[in-house]
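These are the structures, in structure tokens.
After this come two complexes, each holding chain A, first together with chain B and then together with chain C.
Showing the complex of A and B:
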């Protein structure tokens, strides 16, 4: 069995290798412009969106040059104003020049664009063109100038749709890495905010950047993130989910060990705690590692609200999580094994409802849960215009008809609805969906062993959660292992002025977060203790 | 991998083996609400079991024709033992008998008088399904089975009606006590105290009471009512206490929560109604003499609830007088109860326990024949302190104003 899987894996590997683009040899540009242009044309398959603008330099226009860029990827205005125009009108470029001098002049005088790079290798050249740089080729020199002219149509910064908060910044990340990184820079104005970029994906060559606060983030964790990212050798990275799945500590779990968010303030807060953020171009979802279990029950807003309110809400979230996990299971266990635990009046009501139901409670619950999941999935995937139809049909089918037909009991509908609402109330979709899956396990164990089975399943769940690690940090910390000093920011949220230190597990040595005596107090007028009236 | 496969198969087989072990769907259960025990002429135990018809209780929900039939169904079975009768009853019921929601055991008076209650209780105590908090009552002047064959209004399940009635009346009137299975067993096995139970009787036409029409009327054909306290001696029922005598027992046991006491005022009987709102009763034993002396100390606080004759309630002296009158009345009532009980030779007050607590050695000597020899001879001192704390929304009654008006009119 083992070898079988291995063989399969190996076969797959070789397939991707052969199917993907072959590793290029160190191919260099040629001296002749015509040859270079030809090479570009050929390599890009004469694609229409690759613009090659030929022009002339030198005293009598004897020197030929070309500007190459991809339509739509570049900011055309920049190309017209700062490349084409200056190349054509700059008087010094029309003196008698050698190609070497021309390139020198271009870099130093003519092109007024921030990023300008000399490139010799074809691989570099193609990567930069495809990333939206404008390429300037001059005849007679085996070099290209890559000017950063990235632009084109992009989604603007909008309000977050997945991490909604009542209070706090309305900005959400966009699909552009530069914008996203800049958004964090705007929040944390410190030179210790370091970023590292790399391109991942053989074909897509996606920009992936990691960001951390030097001196706060633990060096080992940063190194671990770096090495895990470097290890990735895949054809495409289309979303940060790709990265997430490729850098997880453990894959055989329904729980997320990488946190993702759309909110810059959430990322900033996490960076300040010593975590590492991973930006992936093309998605507004930024990854944050290491992630702790309790983190998925926290929202940025918790820190904006007063601590008592935030604590109450966190308790509620944990409660909600438990409902969404064991709601139907409790109902199954109580009605099929532990009828004595239900108060008499309630037991009679439930019994009356179940009288006409032809299925055992478990089957009933499964029917309802599956129906609900179908509805939910349909609601998400349907075009918005049809979505409301689905909900109407769903409400009628589940809420009315099924009960009236006597196929399910009203109590079951209530249980399933509460569970459904609870699963939507969990702040993290990733945790909610894993609870949704584990719910079926609980239902199954409740149907076979009652509460005893549920407790067994629960112990298994706890053991599993405790066995997880996220970049070496125990997933359940600071509860397991217990770090008393950090429990203040788990289910509880201690007052902001009491957050003296950063989390120990994540932060290297710069642990002090704030000065002593941050607790606010009314103005002290005089030492005798007289108030305002005195 | 083979190891995992094996593990997986093992796990799967476990779930398969367990199957539906002890699994029982709610709709497969016959939820018992009450049980009654009698003995018939042939000397066999007759067990009456009252089942809930869930569909008829929570009326008008869906399907099942909510509220169409009676809320409960009664089956009767007989056997040489209570358990046999129980087993035999399963021959008549289509579902599994389910006890945990039974909260009432009714014992026929006749059976309680001839055989006592304790012999019947072992079967309940032993069964894991039966709650030890199940309440115990005696059906007065009738068979338990007959009492269970009647329907009740408001609370559609008779067992619940009985339990709630008992609870409320103990609190409001103090003439009954709620006694559960475990209370009774503890009570009867403890030295120096004898158990009591509450009685229930049916008022009205019993023959009509088992029909649905009965509870559909404004005035049901018959009603179940808490009535009296059953006094036990040597495990058997010997006497019924009612009214003030019954309350005296509850009082001495320090279980009275509220009690109303009618006082004579200026020659008029029942002129002032004093309601005890809070009370504390302690029993102390003085074991210096050969026959111990018992002191019952009552401290009662209450309010004036009604006057049927003008009383100057704004006068502290009058209030003090009322307090004295209340003390006297309470003392008299308790005395009557004590006298009757001493005559019955059954120490339901737990005087023996008080002596044991005071002087364990002495109790050892008295223990034998306590009920017959010593208990009737014990001198009982009753001390009562009563306080009037409130007079309700009025201080002086409007009756005195009325009197004033009339006397003016007369002038």
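Showing the complex of A and C:
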């Protein structure tokens, strides 16, 4: 027993030693090139993709140097043209030199690459090589030069597949942080657009950047984001979902309290409202905090369309959300408990249909909903080539066969289909999926207590939503707590010229968004009122 | 004290939901017959005075809860006894409202479901709200108030469109003079629902702007009084006084008579939705106030832990106070003078006098002190 604990403890210690960089003694580079190269080889397990190119400098080639990089992570053309070629051909490098002078020359004359850093510690050296930098080592000096040569194959900027908009920019984020940040900079050309980067993940060392507009974003929120990110100590960050789950205000909720999007224009709009964006390398989904409930029902297009149309569409979305939430529940409650509320003719039709069905409405609804969930999940996972099979089989099973076999009533098929379509029409997948879960709760409460149960479930849902916060901002604001000045951009969307101020819950200063009197006027007419434009 | 702040608008919403909560269920001020609406309006004036009284008391001690200032005014032990009596009063009222709702639901929609089960899930939802705290309750109130007022406005609209209003039902006016009207106003309607605002003394310290809070509170009492008067007037004019006085839930009967285009009819769910929302807030607020006051009185650091036990107390109380609905109603009317009058009028008034005297003496002492300097 004792030895078992002992071993466990030792294992833990060795883990922290390999993982916790700040605890171990800092290991520095050696003076000898051979020793350094050996160290690299040994540490990387002689991996084939670590290229170590040896070369000679100095007047008679008495000084040895090496270039180290990871194949595929670097832009090879840059390495050939600006490192290897210039090192080999630069005449001044072939004079008699001390190692110190050689490094000086390399930095100042020979290597024509933007980012060049001198590094002494092994830890930094490995991090920069693994991130795609090229390393230049010179014999006789305990230092390495890291040149930024990141490159390699990446996905190009493509159209968004998850946040589709009819009008608006077609580009979507890619997997590379640099590209994504540049895309925002292309939209907001202002020096107040600040970014901060950090590496999160002991093993993956993922690049995570936060971006905000200095002077518009509230300082406390930026600080809160920073401190929550700094607190993360985990082995790997593989997607922004990891960050999202680790910085949420409350984890026991189905509702998203962090917004994510693939669209640069959505992020830019949010930054201009004072929010903070979090970019995670390796994923096209950028996080935006603080997120409000109503934000998940808004789309960038709402601001591109005229306000009356945008308002109508927002109303429609809320309505759709309610259908996807309580559609089957209303059917269950009405047919089980409150038949008297259905108009007589309709009640007779429904009753006639249900006569042959052997299950109570609740069981019927559960069967249909579960079938539908199975089809939906299968549709996502299936290879595209056979995806159409699922839809055909699904349509037959759900629609035709189940009704003909008398297992479900046609009315139930209609209810479930409308609910299903409604859940696809909710703009945010994250909210749609939580509605999918809560729908079952509503169905259950409707089956046990009819409308009374549904009303209580609804009150509890609202209570839950009102108790949430996203980075300290009440989730249901600006409706609850009510901020009258901001209700214009919730379910409603007031005309663009009326957006005088930014949301003040989030903004510290610089609240004024546009000059007064932005309302478009028709051109001033002739004094005589001829009706023609002046 | 919970570290929470609510806005004056939220206070307004809570008071309106609270006042309308169970008052929309019952035939209010029915002893005044056709002039029920007038009795309600008269008692609204009384309600405004009472609200002013409670708020004035709070203004003497703006940063202390009633539990603390009652103890300060009356001394530790007598103060604690009074506070404890107030807590019991809150629990009793919460249980009463719960019983009202349970009976309503059993009568209207769920004849086969046991009252106990219906009450249980209502109190479970209320306990959930109490655990979330006053800020969340207030925010939920804001959202549901929109739905609640939509229901009310559309119901009034539908009643007037449906052509079922018969103004002659409101006549003859003053059949027996003004006396029964005033009597009803000051023996019944003033205490239920207006005097029950006394419980809000526990909520006042949470409001972030005292001046606005006073305005919001007075406005809320006025708005709910007018709404209730309007409701009672339309009940009487639609159903006729005979039917209203015999009906257990006159508003429901009124809504059931709505029939527009042969399509919009049987709007029971309307009534149910509005009454459950209102009732939920009334129960939760009494419940919350009782839990808070108990926590302060007995120095409990985590009031959240009291939510479920106290919820059970309210549940059992709601089942035990009366063996059937008629007994429950009679009890409500008969007990007014023994419970409502002292707790809503006599004690607050005495406390107010005491506080005023103390305050003046302190002020004088302060002034004297300054003079002597």
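Side notes on the structure shown:
FYI, the second predicted complex is superposed on the first by the 501 of 534 C-alpha atoms of A that agree within 3 Å, B and C clash if a C-alpha of one lies under 4 Å from a C-alpha of the other, contacts with A are read in each partner's own complex, and residues count from 1 in each chain.
In the analysis below, a residue touches a chain if its C-beta (ideal position, glycine included) is under 8 Å from a C-beta of that chain, and two chains touch if they have at least 3 such contacts.
Everything numeric in this text was worked out from a predicted model, so none of it was measured.
When chain A is checked against chain B and against chain C, the one touching more of its residues turns out to be B. In the superposition on chain A, A:404 makes contact with chain B only, not with chain C. In the superposed model, A:340 lies in contact with both chain B and chain C.
When the shared chain is aligned, chain B and chain C each come close enough to touch A:449.
Of the two partner chains placed by superposition, only chain C is touched by A:459; chain B is not. Applying the stated contact rule after C-alpha superposition, one finds that A:392 touches neither chain B nor chain C. Applying the stated contact rule after C-alpha superposition, one finds that A:467 touches chain C and leaves chain B untouched.
When both complexes are overlaid on chain A, the residue A:481 reaches chain C alone and has no touch with chain B. Residue contacts after overlaying the shared chain place A:357 against chain B, while chain C stays out of touching range. The interface of chain A with chain B overlaps its interface with chain C at residues 337, 340, 449-450. Those residues of chain B lying in contact with chain A across their complex are 1-2, 5, 15, 18-27, 29, 31, 33, 52, 54-58, 61-64, 66, 98, 100-101, 103, 129, 131, 157, 160. Listing the residues of chain A that touch chain B in their complex gives 1-2, 5, 335-337, 339-340, 344, 347-357, 360-361, 403-404, 406, 410, 444, 447-450.
Those residues of chain A whose C-beta lies close enough to touch chain C in the complex are 337-338, 340-341, 343, 449-453, 455-456, 459-460, 462-463, 466-467, 474, 476, 479-482.
Across the interface of their complex, chain A is touched by residues 7, 9-10, 105, 109-110, 113, 118, 121-122, 125, 128-129, 132-133, 136-140, 142-144, 263, 265-266, 268-269, 272-273, 276-277, 280 of chain C.
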